[in-house]
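Take a look at the structures listed below.
Shared chain: subunit A. Partners: subunit B in the first complex, subunit C in the second.
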Partner chain A sequence: MAKDEFKEFKLVGTRPDRPDGLDKVTGRARYGADISAPGMLWGAVVRSPHAHARIVKIDASKALAMDGVKAVVTRADFPTGLTGDAWNLQENTMAGERALYDGHAVAAVAAISKTLAEDAARLVEVEYEILPHVTDVDEAMAEGAPVIREGAADATVPEGMHPNVVKYMEFGRGDIEAGFAEADLVKEHTFKTEAAHQGYIEPHACLGQLGEDGKGEMWVCTQGQWYIRKMCADVLGLDGAQLRVTPSEIGGGFGGKTTIFMEPLPLALSKKTGGRPVKIVMSRSEVLRATGPTASASMDVKIGMKKDGTITAGRAEFRMQGGAFPGAPVDMALYCAFAGYNVPNLEHVGYDVLANRPKCAAYRAPGSPMAAFAVESLVDELCRELGLDPLEVRMKNAVKSGDQASYGPKFGSIGLVETLEATVAHPNLQAELGPNQGRGVAVGYWFNHSGETSVSMAISEDGTAQVSVGTPDIGGSRASIALMTAETLGIPYEDVRVNVVETGALGVNEPTHGSRATFASGKAAVEAARQAIGEMCRRAAKEWGIEPEAVEWVDGAAQPAGPNAGEFPPMTIAEIAGKMGSTGGPISGHHESVPEGVGASFGAHVVDVEVDPETGRTTILRYLVVQDAGRAIHPAYVEGQYQGGAAQGIGWALNEEYIYDDQGRLQNPVFLDYRVPVASDLPMIDTVIVEVPNPGHPYGVRGVGETGITPPLPAIANAIQDAVGVRVRQLPISPPRLLAALKAKG
Partner chain B sequence: MQYHTPASFEEAAALAAGAKGTTRFLAGGTDVLVQLRAGMVIPDDLIDLKRIPGVSDITRTDDGGWRIGVAVSGAQLGAHAELVADWPGVVEGMELVGSTQVQGRATLTGNLCNGSPAADSVPGLVAACASVEITGPDSSRTVAVQDVPQGPGKTCLKPGEVISALILPPRGKNAGDAYLRFIPRTEMDIAVVGCAVSLRLDGDTIKEARVSLGAVAPTVLLVDAASEAITGTTLDDAALDALAAAASAACNPIDDKRGTVAFRTEVAGVLAKRAAKIAYTRAKGA
Partner chain C sequence: MSKIHVTTKVNGDTVEFLADPRETLLDCLRDRLGLTGSKEGCGTGDCGACSVTLDGTLVCSCLVLGAEVQGREIGTIEGMGGDDTLHPLQRKFIEHAALQCGFCTPGFLVAGKALLEKNPNPTEEEVRYWLAGNLCRCTGYDKIVRAVMDAAAEMRGEAA
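And then the complex of A and B:
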C-alpha cells in the first residue's frame, strides 16, 4: 500500500525538496504585502462598528482636508444596477444603504502613508441609525427576527418562510418512515457548530492600479486570479480582459481566498487618484471581522440502526447562516452527510439563512465538517447504545465503488473500505487508555473537484522545462506538478520549474479549490508534456527520415520504436531542444479543458484524548489520520495536508468560535482570543496514506486537501464521551462548556 | 510624541510630572509598544527607563531578600539560579507571560503596571509579600504589590510617580511558593484563572500561608480566608476542600470571551488546591 511499492515510477511517490522552500525560509518569497510600486499610495478602510445600521450620512471632509490624503471612496463611487452575485459582491465590498455586520466596509481612504491613511480613516464621520440585529441561525429564521434584506430569497423557498431564509432544498430516496420502522434503535438529536475562520497566516493584501482608460493591474494574494478578476470587473464595471491580475506567493488560503473582500478597493481608490497604485493590507482584526469564516450550523439528525449495526434510515435537516448574503454551504453539507453510508432510506432538508455576520467563504471541504459532526456523533451514540464497535459499523455500511451515493450519482472507484481496513490495522488502536482518557473515531468525505483548467508547458534551449499553471500553490502543487511533468518527460525533477502565472498568460482557470490543483493542473500538465513529446518525436523522425509513428519516447529521449524503424542512437531532449530554432521553432505543449475523472476521497480518523474532569480541559494524546490519496505524488506534502486538516479540525472542535456580544459585535477578532491550536497543543499527528488509484488521472491522483478537516469534529466529541461519559452536541467543546456538562451529569 | 531617556528615576519622575498629555514609561515595551502600534494608546511623552543605571540588575538585599530592577526581563529571572531557588512561584508566573521572544523583553514591573487582573506574574508577587519602591517628583514611598492594582488598567501610581524597583522579602527556611494558571491552550494565551500560593512549614504543619487569585475580580486578590483555611493544617483533604471553597467564595468574576463566571469560580478552587500542593512539596524539599 505504501507508495514505495509502485515501482513503475521513477519520480512519482518520492519526496524531493520543495521548489518554494528556500525562498520561504529565507524570507525572499514575495507575499501580497511585499509588493510595492513607484508612486504608491496606501489605503485604509472605514468599517461599521454596528451589526446592523442604516447609514444616514458619510462626511469625509475632515479626512480629505489632511495633507497627503488623496481620495475617499464610498458606495457612491461604484456603478449601479448590478444584480445577483455581482450585487452581493459589490454590497459586501462596500455597504450601500445599510451596514450589515460588525466590520462591514462603509468607506475607504488613500493617502501617502499607511499611518496617514489610518488616521484619515478615523476622521471619516459616519452617522448611523442602529437597527435590530440577529447573529444566531435559529433566531434569524424565527418569527419576528429582523429582516436582513427583503426579496433575497430565491425560487426554492416555499411561501410563508421568514425572509431571511434565502434558499431551501430537500432530496432523498426510499421510504424514510418504513426505514425507521425497520430499525431496532432510532435516535434523534440537534447539533450546533460555531463559525470558524480559515485562520491563514497571511492577511489579505492587494496592490491595485486602475487608469481612466479602464486598464488595470492587480498584484494580490489570492487562490484564483481569474475568479477575482471577474469579480472585481463586475463590482467596478470593467472589462475582464483589461484587468491583469498577478497572484503573489500565498500564505494560506483554505478556501477563504477564492473570492474578494477588499480587493476592489485599491482599484477604486486608484482610479480616483488618476491611476496611482494603491495598496491595502488588512490587519488580523479586519480579517476576522470582515472576511469569510465558514457558516455556523444548527442541525437535526435522526438515524435508525438494527442490532447488527445496519443503518436502515437517516434524516438530516440542516440550517446554516453564512452571513448577510446567500451562500452558506448547506447543499454541500447535505450531500456529504451520509456519503460514507449505504443507506436505502434517506431524507435531507436544508435552509440557507441570512444573519448579521460577515459573508462566509469556502473553508476546506465547505459544509462537510459540520455534517460529519452531526451524523458521525449520532452514529457513535447508536453504536454505544447497541454495544457495537464503531469501526465495524462503518465497515458494515460502507459505500463501495459503483454504489449510488446518498446525494444521487454513482460512485466511481473509491477507497473507503481500504481506508477502514488500514485504520483497524494501525497500532494506535491498541494503545492502552488510562483514567479520563477516551478514544473516538469518525469518517469524513469530500467529492474533490476538477474545473476549468488551462496549462502551458515550454521546453527551454537546454532541454529543461517550464510549466505555466493558473492554480496558485497552496499545498505543494508546484512540487507535485513538477514531479508529474518530469516523470512524463523522463527528465530530472530539478529540470522542471512550475510557475503560477498571471491572467494574461493563460486561458481561464478556476481557483485552487476543491482539492483540484494536483488533479486538474497536474492532469493538464501531463497532457501538455505529452503534446511536446509528440512534437519532439516528429523532430527526431524528420532528422532520421522515418515516420513519426516509428519514434517512441523513452527516458527523456526519442528513439526508433523497434528494429524495423531504423538504427539510430537515442536523441535526447537536450539535443532536440538545442537545435529547435532550426528544426521548426519553439517546442511547447498546452492543454485546456475541464478534466474529467475526478476521484472522491474518504478518510478515517482515530483520536485519543484525556479530559481534566476538574477543569473540562481536553488534551489530544494521540491522533491518527488514514485517507485515500488515490496516489501520493509527493507523500510528504500529502501527509502535511492530512496533518493540517486534522489540526484545523481540532481547533474547530475544541476552542475556535466567533463570539458576539449582545450588540452583535465580534468579541475576539485577534489570535489571542480566536484560539487556533498552537504547536504545543498538538501531538505529532500520525498518518497513513491509502492508495486506491483514481483511474481518471494519469498518475491516480484524487486530491487530498479537504477530507482531513471533516472527521476531527465528531471524532473528538466521540473520544470525550468515551473518556468522561458526557455527550456534547455543540461546538466548540471548550473547557467552560465541557465542565458545565460534567457538572450537569454529576 | 516626545521620547525621553532620563538618567535617573528622579529625572523620570520630574519629566512625567511636567508632561501634559498621555504619558507612558517604557521598559520592556511589550504592552506599551503593542498598544501604540494598535492605535489604542498613543502617548504624547514616552519615557524610556532603560538608560537608568541598575535597572537591569537583580541584587541580594542586606536582609537576604531581592531587589529586581524595572527592566529585568523574564528570561533574566529564569536564568538566575539563586532567585529561582528562593521564589520558584514568582519566576514561573513571569515565565508564562508571552512567547520566548517576549520573555526577552517583558518585565515584572511592566506586567504589574499594565494593571490587568489576569497578569500572570502578579499573584505570585502578592503571595510572596513583594513590594515596590515608588519614586515621585517630590518624595519616595514603598507600597505592597497587592495595593498597586486599583482596577483593570488602573494602578495606585499618581501623576509623576514611577516604580523604581521591586523588592522580594527574604525567603527563609522551610518555605515554598507556586503559581498555576488555567488557559484553554498550552501557551500564548491569557489566564482565565490564576492562583499563587506561598507557604512556610513547621514540620508537616503549615505555619503561614498567602493565597492570591488572578483573573477572577477587577484586581488580583489576596484571599485571607483561603490562607486561613490551610494555616495550621498538614494540607490534608479537608484543608484542601476548605481552601478551594474559600478561593471560590472570593471570586467576583465576569462572563467574557475567555470564560464564564461559573467556570472561573469553580476553577479558582481547583487551581488553589493544585498550587498549594506544589508549594507544600517545594517547602518540604527546601
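And then the complex of A and C:
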C-alpha cells in the first residue's frame, strides 16, 4: 500500500490523554506490590551467596520454630521429572543439587509479616560445598573451564566443543573469501559488551494463592499473564486452566517480565499453608542478582569495503553467555547483524554459552544492540579510514523493500532509505562541534513481532464500547488501541474503554513483547470492531426491511448504501445498541489469530558527545532518533518509545554493567552502583517519526518499542572516536575505561 | 519485636499505626495505612519512587523509619490534588505523555512539586538536577522535564 492510499483519519495520529493517566498521576493505579488479600502471608527467598556450589544440606528447623513462620519450601517440594525448558525454569526458580549463580534461590519462607519472613529466611541454614565457577563468556568455553551442566548442549553443537557451549549456529550466503578479495579495505576486530539489566523501576511482585485442589490465583506484574501461567503450571505440575492470572499494572518490563523468576514460589508456599495467599516482593538487589539481565557478548566482526563505500563481504562470529541456562539471544543478534545492509557475501557463526550468572531474559530487541555495537562500530572505522561519509555509506548499501534480508527472508515494505533521508535532512547534523566534541551515527534494526492474539469487544447499551485485550499496557497501548477501535467504529475516543484482562477472560495471548501490542492487539481489535459493525448493519437492515449488504457504516451510524437501498435516516450506534435486547441480543466482536503482516522497523541515531580528557567522562550534547513507525497511532507515545530506548542504550554504552568479583559475586546490585541514566545525564532527545505505512496492518502500524535501544551503543562509540580519536571496542565506555584508552594513546 | 505506636498526620489527616522498629516510613504508608501510591523501586534512597514530604521537606520514605514520624506532617501523592482537581503538575504529566509505565510518576510528581515550591521559575538544567534523584527507565526524561517546565509556567500565570 502506498502512503497516499491512507485516507485522512479523525483519531489515528492524534494525541489524546491516555485512558489510565488519571490513575497513574494520583497514585491509584495498582501495581504488583499494591494488592493485599485477607489472611495474607509474606514470603522471602533464601539465596545462594556463591557463584557455583553443591547444596549439601538445608536445615530450616530454626526458621520453622519461630512464632508466626508458616512454611518453608525447597526444591524437594517441587514435582520431579521435568525436561527441557520446563526443567530450566524449575531449576532457576529453585536450585536443585547445585546453586548455579550468586543469588540463585535455594529456599523460600512464608510468615505473618514481611520482617518476620526476612528474619526467618536468615535462619534457614544451608551448607554449601563451593565449586569452581566461571562468569566470562570466552573463559567459559575455553578448555578446562568448569562444566556448568553436563549434557545441556543440543544437537547443533559439533563434537569436541566445551560442554558449556549449548547451541551452535552458522548461516550465510555468497562466497565470503571472494567477497573479501574484492574489497579495497578489510578490517577485523573483536568487540565486547557486558550484561545490562532491563532496570524497570518496579521490582517483581506476586501475590499467589493455591489450594489443595490445584486451583489457584495470581496477581502479578507481568508482560504476559498466559505465558507465566503456563510456566508456573509447568514448574509446579498444575493444570493451566486451573490457574487464574490477573496482571497488575506493570512498572516497566522491557522483556524482563515475559518469564518467571520467583513467581511460582508464592503458589508453592500457599499450598503448604493450606491455601493462604502469599505475597513476595523482590528487593532491588534480588532483581539485579537473580532476574534476567541481558547476555554478555564477545564478538569478532570482519567487513570488506570498496573505496566507494560498497560493502563486499561481512563475517560475524558471536559468543554470548546468558547465565547458567541456554537462551542467550545469539540467533537474534546474528540475524540483526547485517540486516541493514545489502551485502552479497556473508557468514554468521554463533555460540550460546553457559556461565555462572543469572538466567538472561529478553531485553528490548534482544541481541540486536550487541550486534549493532560490533558491526556499526566497524563500519564506522572503515568509513573513517576510507574518508567516506558514514550516512552516505549506509544509504549506498541500504536494504530496500523486496531485498533478501541478510538472515534469509525477503523484506516486505521497509523504510530504511526514508529513515536515512530524514536523518540527513535534520538540523542536528549542521550543529557546530567544538574541541573534544564529536558526532557519531549508527543504524539499528528490529523484526517486530505478531504472536498469538485474542481480543473481544462488546458494545454497551448506550453505544460505547469496551475492548478486552490480553497484552498488558506498559507504555500507552490502551490509548493506541482505543484510538484504533474508535476510529473503526466511528465513535469518540472517550467512548472506548480498553481493559487488560485476566487469563480466564480470553484465549491465549502472547505477552506484550517484540513491539507487538499495538500491532497485534490493535489489529485484532480492529477486526473485532468490524465484526460488530457487520452485526449492527444487519440489525439496521432488518428494521428497515432491506438486505444487509445494502447497509453501510459511516461515522458511527448505519445508513443505506445508496439511493437504491431505500430512504432511511442514519441509525446511530447508540440507537442500535439501545434496543439490542429486543433485536437479537448482545452485540460484540471477537478476533483471535496470529495476525500476519508484521512490519520490520529501522532506525538511525545521531549523537554529539563531549569527552572530558581529564576524567574520561562522556557527556551527551545532542541526541537524535529517526525511526520508521509505519504509522504513529499516538505520536506522543511513539516519541516516548524512541526516547526511552535511546536513554537505555546510552546507559548501556556509557555506564551500565554487571561487575563480578573473583568469587563470582555481583559487586553492584544496587542502583547506586548499577547506574542507570538520570535526568541530569541527558539532554532533550530529538525524534523524527518516519511513516512508511505497513501494508500488513489496517492503520499501517509496525511496532516501535525495540529498535531504539540498538543504535546508541555504536553511535556513542563512533562519536567518542570522532571527539578524541580513540576507538573503544568494549562496553561500557565508562570514565575509567575511556581514560585508560586516552592515556594509552598518549 | 514489640511494636511502637505512632500518631502522625498524613495529607492533613491524623492517623495512627503500630510500627515494627525496623519498618520504614514507606512500609508503614503502604502496608499499615494502605497508601500504596508511594512506590519502592530500590529501598536504598537511589530511585526516588518513594518520595514524600516530611514537615514540608522532600525525603525518600524508604530512608525514614516509621517510628520517627510521631507528631510530624507527611505529604504523599494521594494528597497532591484537591478533592476534585488535579495539581497542575499532574495535569501536565498526562498532557505531555510524561509517563509510560507510570511507576516512577508519583515520585516525580512529589519531587516536582517540592521543586516548584522552592523555585517557581527553574531552568531546564535546574529541573534536571533537582530530579536527578528520581529514576525513570521508560521515558528518557524528555517529556517529564517538559511537563515540569510547562506546569511551572502555568503556575506563574504565563501562557504555555
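As a working rule, the second predicted complex is superposed on the first by the 739 of 746 C-alpha atoms of A that agree within 3 Å, B and C clash if a C-alpha of one lies under 4 Å from a C-alpha of the other, contacts with A are read in each partner's own complex, and residues count from 1 in each chain.
One rule holds for everything that comes next: contacts are C-beta pairs under 8 Å (C-beta built on N, C-alpha and C of every residue); 3 or more make two chains touch, one makes a residue touch a chain.
Here the structure is a predicted model, which means the values were calculated and not measured.
Looking at the shared chain after the overlay, A:R617 reaches subunit B, while subunit C stays out of its contact range.
Applying the stated contact rule after C-alpha superposition, one finds that A:G581 touches neither subunit B nor subunit C. Of the two partner chains placed by the overlay, only subunit B lies in contact with A:I659; subunit C stays clear of it. In the superposition on chain A, contact is made by A:G644 with subunit C only, not with subunit B.
When the two structures are aligned on the shared chain, A:V678 is found in touch with subunit B and with subunit C. Judged by the touch definition given at the top, the superposed model places A:I250 against subunit C, while subunit B stays out of reach.
After superposition on the shared chain, subunit A has more residues touched by C, the comparison being subunit B against subunit C. When the shared chain is aligned, subunit B comes close enough to touch A:P736, but subunit C does not.
Shared-chain residue A:Q667: touches subunit B; no touch with subunit C. Overlaid on A, the two complexes show subunit B and subunit C touching the same residues of subunit A, namely 672, 677-678, 680-681.
Listed in rising order, the residues of subunit C touching subunit A in the complex are 1, 20, 22-23, 27, 30-31, 35-44, 46-47, 49, 76-78, 80-81, 86, 90-91, 93-97, 99-106, 109, 124-125, 127-129, 131-146. For subunit B in complex with subunit A, the residues that touch the partner chain are 39, 182, 184-190, 192, 256-260, 262-263, 266-267, 270. Contact residues on subunit A toward subunit C in their complex (touch as defined above): 15, 17-18, 20-22, 24-31, 33-34, 36, 113-115, 198-203, 249-254, 281, 283-284, 474-476, 634, 636-637, 639-641, 643-648, 670-672, 676-682, 684-685.
The residues of subunit A lying in touch with subunit B in their complex are 118, 614-617, 654-655, 659, 667-668, 672-673, 675, 677-678, 680-681, 734-736, 739-740, 743.
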